[in-house]
Structures are given as structure tokens and as C-alpha cells.
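Sharing a structure below in C-alpha cells format, with a few things to ask.
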Amino acid sequence: MKTFSNKEGALIIDKMILAIQENKQYLSDIDGLIGDGDHGINMNKGFTMCREELDNNPGDLAHSAKILSKILMMKIGGSMGPLYGKLYRGFASELSGKDEIGISEMGAALEGMLSSIQAISPAKPGDKTLIDTLVPAVEAFKKAQAEGKEFDVALDEMKAAAIVGRDSTKDMLAQLGRASRLGERSRGVLDAGATSCCLLLGVLADTSIELVK
Amino acid sequence: MQKFVNDPSKVVDEMLEAYVKVHADLVSTTENERVIKYKHAPVKGKVGIVTGGGSGHKPAFVGYVGRNMVDAVACGEIFSSPPAQMFYDAIKAADGGKGVALLYGNYAGDNMNVAMAMDEAEDEGIEVKKVVANDDVPSAPKGEEAKRRGVAGEILMWKVGGAKAAMGASLDEVIAAAQKAIKNTRSMGVGLAPCAIPEVGHPNFTIEEGKMEVGIGHHGEPGIEVCDLEPSAKIAQRFCNVILPDLPFESGDEVVVLISGLGSTPVMEQYIVFNDIEKILKERGIKIYLSYVGNYFTSLEMAGVTCTLMKLDEELKECMDYECDSVGMQQFQR
Amino acid sequence: MQKFVNDPSKVVDEMLEAYVKVHADLVSTTENERVIKYKHAPVKGKVGIVTGGGSGHKPAFVGYVGRNMVDAVACGEIFSSPPAQMFYDAIKAADGGKGVALLYGNYAGDNMNVAMAMDEAEDEGIEVKKVVANDDVPSAPKGEEAKRRGVAGEILMWKVGGAKAAMGASLDEVIAAAQKAIKNTRSMGVGLAPCAIPEVGHPNFTIEEGKMEVGIGHHGEPGIEVCDLEPSAKIAQRFCNVILPDLPFESGDEVVVLISGLGSTPVMEQYIVFNDIEKILKERGIKIYLSYVGNYFTSLEMAGVTCTLMKLDEELKECMDYECDSVGMQQFQR
Amino acid sequence: MKTFSNKEGALIIDKMILAIQENKQYLSDIDGLIGDGDHGINMNKGFTMCREELDNNPGDLAHSAKILSKILMMKIGGSMGPLYGKLYRGFASELSGKDEIGISEMGAALEGMLSSIQAISPAKPGDKTLIDTLVPAVEAFKKAQAEGKEFDVALDEMKAAAIVGRDSTKDMLAQLGRASRLGERSRGVLDAGATSCCLLLGVLADTSIELVK
């Protein structure tokens, strides 16, 4: 049974923070095409604050995810603050108290992500939001799990599905948030939230696979 | 970008730091430096009035904190909804024991953050009710009013709610009056030039020289159409063609008119637009009871104006006449 | 030009036509449609306060007509001095039988037109005395203060003169107080972007992207230097380096600070500039008694700010605290 | 003795009005280089109002000049309103009550122009203002008069001197009014007021010569 410890898992959040910091400009540029160009700025501010907090108050994966969730919800605001705040809160609550994280724990955590975000967001697949990345990714993981595949294989399939989901937003018409008012003009451009979500799920998969080896 | 800035990511903090110094006789800080309150808030025995939103709309939102107006405000980053914590801290700062009325604009982020803040307030036993402003007509078609965004009409909602609370009304009465105010309010914007968020460094939308965007939102959200810039009288006709039938405003109605510049349009031009709108309302037999012209709800340095009309009844009139003192709106008892 | 205009040559007329409708509870027209007066002017037994100047500086000049402020104003074309007739008609509209104080800015056209109007008033037996504002430090070197132009400091001169007159002072006392106010006032402007007179159709001066004009006049008159745009804190240092030694302002002094946007600079940025200036004044032991931040004296859609400081004594403090009600400045009794 | 009647002289003001209207843009453009670009607009507004008034209230040269003076002083403002207002007032007061206008009447009228403007303006020759056109023009006329030259010759010499005066402003440094703050940058450009004054004196000369024939 391939697993990694909750403690080692803190590395996942560290890597997610770096990924957001490195892609701050990229994410803002995408958001600028059909939004107000601040997605990278908002995410970077929250993830960087989390970095500072974790440096003084380190802990395992669940702990780190909880800190990130609290900061996003309480400090960042915008539309992404509450959304990613709830996403990380759902993820953390499923993992807290678990020493080892394997395919079943990860499955429950991914589902926790999805259910908590869907509790406050009316977004459905096809609305050109981060949901269009998250839903296929979680489904792919759960399918691989049901088929008895290995943890690292399920993670890879989750990552691949996230990429497909992100790219599918290109030709979608935005139904929610700022871009929704653009109608036709919102087609032909990736959704910023779907892109950042794909980025983060990719880091989750890669780092977990590394830890599991 | 031709701006007075130090660190672009600190503009809101520096602005608020200065704001509480300049208006020390009216407002003060709270433990949350992004929540500013009326100096004497919470006012015991008065319904607390709270609002909040992204910064960059001066005087909104912090500029409407004051006597008989807003008791506490949550200030987000530029054009970005304040997080739940800020709304929650503002609710606590305004709670005088008779409940809190949260009067804000219909934006996705605000709705989510307000919902979370209200949950927390409920856990703490503070009764909070909300009114969501949706006066921006072009932001959603007739029949889908609930999807419409809130713009300058929010000011009239605060004025009415603030007065009602000052008169000692209950939470439900304050909410009912504020809801009636916004329900009878319609707005539309026309944009002539874009603005840039300091941290982003360049405008997110463009309006070409010689063009105008009819129905533009005040974060530059796209409007009904982009067309050639027209004389003020023609634009006034467009305002009326969209706004009047939507409520509808009819002959014999008494209204408040509020023309707000979007930031860089000289106030002189705003009076010219008012002049042209006043003529049309007169022709239609619509009587102006009270009018405001100036930079009441801006969007950084956007050029353009929004036109807001509210249909009055005796209660709304009484609230509009009520004395108030805030940076954005001062009124001696009429 | 991205403007709301009908006939560019009629902008002042249309603006005033609207102005008196919007502020009917405060001001009214006179037989000269370019002279607007306080509704209750002339106030019997009170010294009349008159000012005037080119339009395009909203709220100046007409915006300062009101209770305990300016009694009557002459409104010229954009950036063009009002003709003698207008100044004369304003003097008549303000004359409550105790003489008229004419408080205006030091511009060639104004000086000539005021001189002719005062001659005519003298012929009609109306006692008129004047104070000529010259608070714009960069507009002439030390020692040639009489050549300096008047900018936002005029507002403090009107506030002091208006209060003094309301307190029942004589013409000489009003003139002495207004003169003391402007004598203790120093201003400087920094321009970031030009403006265009509607009739002319294009800006008369340019400020390149990334540059700023230090000491610019508010009709775009050239300043001390054009240099690279600096962070707000550095610009605040320049304001203080020019203004503080000129009076001079010294440790222990109590001052009024007035930061005015030039028209298209978001108010948020104006607060940031105030914040940086406040820090410098604190270091120098200069105490801020009262501060104003906002679009108090603009120049159409110019981007930039002017910073004005006035050194206070007890009399000036009393006048600044005095209640007044005008569109440009409203003050509840402090 | 070459003269023309005060009555016929009204044509001079009519021609002046046309000249200003035709040069509205030109005068504004010059003013725009070192001023605020409104000289043509201000002058055109005043001269056109005078046109409208004279159409209902015609009269001789003195009368028309008086109407023009009153409008400029009372209705136009700026710096040119009072200046040209006083100039025409001095001109009119010397001619009122005169049936015929010859070299001596015109001489007195030109001196009247100069003295009344100098009463309110501190401008001296070399300050780059309309004075730099008016002073040489009046001196040239008075000199021709003193030398016993014919009326039309004196007018021609006045016109020539006005042109020289106007052109001399090109290399001057503005000492007064808006342009004075430009220092060096005000050199190399004609002064707007000097240009309009030269235009008007030219029309005065040409029309008088025509009438005298």
C-alpha cells in the first residue's frame, strides 16, 4: 500500500505556494483578458501570507492546508478567497488526524474539496470556472481508485484529467463572475481559476508521487 | 500609469491610514485595519448599518461611514470583495444590540463573503439581515433583476437605511425601507475611458478615442454596446430610454436624481449631462425632488458617468431629507 | 476628446443652468446669468463676500457660494477671467450695506477686470476692498511674492473671510483676516497629465507618460521642472522642501493642510500623498489642526495634486471651525 | 485734404469683425503654442456679438467702436477683453462727434488707443504683447503726420510698422501673461495679441485708404 505520512505531506503545500508565486503574472494576464486581471495577484498574496505563517507555525499536510484555507477565506476575499478557502478547508478536514495518507484518504480529501466548494458556489461544469478542472480531476481519481489502480497511477490520471478540464474551458462561454458579461467575447480564452486549479492539482499529484516512492 | 503611488500593493492600506487621520472627528479604526467605523459606533439601541466592497470607488465605500449613515465598512483590495473576516468584524463594530443591516452590492465575491460572515455572526448571536443592491439595469435583462449588479444606487439605499436606523426603527423596518429604496432605483453607466488597477499596471479594458461604452459596469464590465461618442443630449436620451421604462417611472412620479462621475470626468460635464436629463424628465412629467451631481461613486480614473433615479414615496422622502454627516454625503436637515 | 458636451462654446452656460437647478436650496441666479449668488444674499448688515474667475476649476468658483462662505460669484469662460460687468454685478448681488470684500486669485485678466468693476462700484457708492491670493510658491521667486498666482489657497481665504463676515465683522476686519489667511498660506502643484478646453479641442500642454511637472500652475502654466515620475513619498518631500522654508513653517506651528486633486487623479491617491506629507510634518514638529483631501480646486481633467498649507493663529482657527454650507465645503460647527 | 465721413467709417469695424472671424483658428493656434489657445475664440466671440448688436443698432465709426469696446470689456473678459475694450474705447472717444475723419483725427484716435490701454496694462515694448505692434504703428503714423505726408501714406506707413512690430515679437521672451512663465520656451513664436493687433491695424489702414479715394 503506497502511502506518505501526513507530516511529509506538508511539502505539497510548500510546492503549491511556490507554483502560485511563480505563476503570479501568468494567472493575472489570463484573468486580464476576460476579467479584471487580478487573479494571480490575489492568489499570490494569500499563498505568500500562508508561507510566512507556516514558517513560524509549521505542521503536517492537514495543518498547512487549514492555515491556507483560513488565510484565503479571512484575508484575501474577492471571489477566489472564499472559493479556494472552502476548497482547502474541505481537503484539510478529511486529512486531519490521519497519520498516513494513501489512495482512500486522498480520494476522500479530493471529494471534500469538491463538496465544500459546491456548498457556496452555484457553478456547474461548463460554466467556465475552476469547477471545470476540479470535477473531471476528482472523477478520474475516484474511477482509478474504484478500478483498484495504484495510488500513483490514480494521481497521474487525476492530473491528466485536470489538464483536459482546464483546456476545455477555452471554448466555453463564461456563465459566472466578471467574464459572464462578455458573452461571445469570453470564448477562446482559458479561465483563470480553472488554470490555477489545474496548476495546484498538478503539484498535488507530482509531489504525492514523489513522496510515495 | 500616471499615478501617485508608493508600493502598488499597499495603496489601500496607505489610503486608509491617511483617511482616519484626515477624518478623525468622524471615523476611527478597529482592531481590523481594513474595517473603519463611525467614531461613536456601535450606537447603543440603534440598528447597525454595515456595507463593504472593493476599494477604488471613492468616496464609496468608506466615505459613507458617518452620522446617520453607515456605522462600519469592510474595505477590500481594489475592485476585490473584502474577505468574510472583514464583513464579520464590521458587523461586530456596528452591533448596537438591535441587530445589523448589511446593505451591499450584488457581486459574486461579496455574496459569498457576506454569506460566510453572516453565518459566523449567527453563531455569535448577532442578528444580521441583508439587502443586495441591483440597480444597474444593463447588467442583466428585464425579468432577471436578481442578477443585476449594484452601482451608485447603493448610496441612496445607505441614506435611507441610515436615516431609518437613526429614527429608531427596528431591524426589519430598516431592511424594509432599504429594500424599498433599491427596489425603486434604476441606474446606467456610460464609459468614455478605462482605468488601471495600480498593481496590474495597465487597463483591463479599452475604450477607443471617439467611442463610448453604453451600459458599462463600474469595474469596466462590458455594457450594452460600444458606439460613437455622442453629444450629451443624445446620451441623456439613452439613459432615459433604458432607465425610465424599466421600473417604470411614470408621469407624476417624484424622483431623486444622482449623477456620479466615474473618476476623471470633470464635474462641469456631469452638470451638463444632468441638464439634459432634467429636460427629458420634465417633458415626461417626472418631478425631481432632490438631485446630486458629483463624484459620488467612482472607479479609479475611469471617464464617464452613471445616472441613477429613485422613485420616492413619503417614507423615502423623509429619509432622504434626514440630516447626515459623512465624507461622501453631507446633509443639513432639509 | 472624451467629453460629455453639446456645443463646446456653451459648456459654462449649460453647467450653470444645471447648477442652479441642482442646488436651488442654496444658490440662485441674478439678472446676469453668469453671476450666481447665495440664495439669501445680499444679507443685510453683513459684509458681502465676492469672488470670481475662469470656469473649469469645479467646485471653484461657484461651488463656494453658500452660507457663511461666498455671497456671489462671477463665472468666466473656461480658464478665462470674467469680464468687469460680471464682477460688478456680483458686487451688487452681495452688497448688504456694510461693503464688499472681493477675494480672488492673482491673474492678469482678473486684476484688470476687477479694477474696472471696483471703479464702477465706487461710482455707485458701494465700498469694495480686495485681497489678491498669491499662494502658488513656484509661480514667482522669493521676494517677488506679489507676482505669484493664486491656487487652492483661495479656498482657505474664502472660508476665513466668510466666517469673519458671518460673525458680524466690519469690512476692514474681514479684509484683514482674509489677507492674514492668504499671507500665511503656501501651495505647490505637481501635474501628471494635461487637460483640454472643450472649445480648443486638444490639450495646450503635454506631460509625457512617466514624467511629472513639479510646480505646474492650474491652467498648465509651466512649473519648476519636468522630471521622471517619482513615488508619492518622494513627491511629498518635494512639496515640503518648497513650501516649508518659504513662509517659513516651523516646529510648533499649527497648520491646515489641503490636498486638492486637479481633476482626474483618484481621491485614493490624494490620500496617499497626504499620508506621506503628514509623516514629514510630524517629523518637523508641525501639528495638523485640520485637513482636507479631495477635489477642492481642479483644472478640468488634469491629473495631479496641489498641496496647500496655512499657518494658524487663534483667529484663523476660529474661522476655520465656523459652520458653513457650500457645495465645495460643508462644515458642521466643530 | 483727404478724409472720409464718420458714417462711412463704420465699414472699418465691419471689416475688422470679418478679419477676426476668418482668423479665429489661426489666432487660437498661435496662442496655443505659448498660451492657453483661446485668443481666437475669445476675440471671435466678442467681435461676433458686436456684429449682432450693430445689425440692430447701426451707426458711424465712433458709435461702432464704442459698441465693440463695451462688449469686449463687459462680455468677454480674459485678459484680451479689458485690453482691447480699453483700446477701442480710447479710439472711439477721440472720434465721437467728428463728421469727417482726416489725418489729424486718426492721429488723435490712434493715440487714444495707446493711452487708454497703457492706463490698465503694465506692458512695455519688448514684453512680447500687443503693445509691441501698437507702439511702433502709432509712432509711424504720428511721424508721417509730422512730416506732412498724405493721410493714405501715413496709413500705409502705420500698417508697415505694425507688421514689423508683430514680427519682432517672434524672438522676444514673454514677460507678461501666461507665456511669461515659459522663459526661453516662449522665444521663436509670434505673440497672439500682437498678431491680432497687426491684423486689425492693417484693416484700419486698408479700409481707410479705400474710403479716402
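Letters A, B, C and D mark the chains as written, and numbering starts fresh at 1 in each.
The criterion applied here is as follows: a residue touches a chain if its C-beta (ideal position, glycine included) is under 8 Å from a C-beta of that chain, and two chains touch if they have at least 3 such contacts.
Since the model is a prediction, treat every value here as computed from it, not as a measurement.
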Euclidean distance of C-alpha centroids - chain A vs chain C, Å: 55
Chain A and chain D: spacing of chain centres that average the CA atoms, whole Å: 78
Distance from chain B to chain A - Cα centre to Cα centre, in angstrom: 34
Pairwise touch network: line, ring, star, complete, or other: line
All chain pairs that touch each other: A-B, B-C, C-D
Complex interface listing, chain A residues touching chain B: 28, 32, 35-38, 41-42, 45, 73-83, 120-121, 176-178, 181-183, 185
Chain C residues touching chain D - in the complex, by the definition given at the top: 9, 54, 76-86, 108-109, 112-113, 115-116, 139, 197, 199-200, 204, 217, 219-222
Touch list for chain C against partner chain B, complex: 2-6, 11-12, 14-15, 17-19, 21-22, 25, 55-56, 58-59, 192-193, 195, 207, 209, 212, 229, 231-233, 235, 263-276, 278, 288, 291-295, 298, 300-301, 303, 305, 325, 327, 330, 332, 334
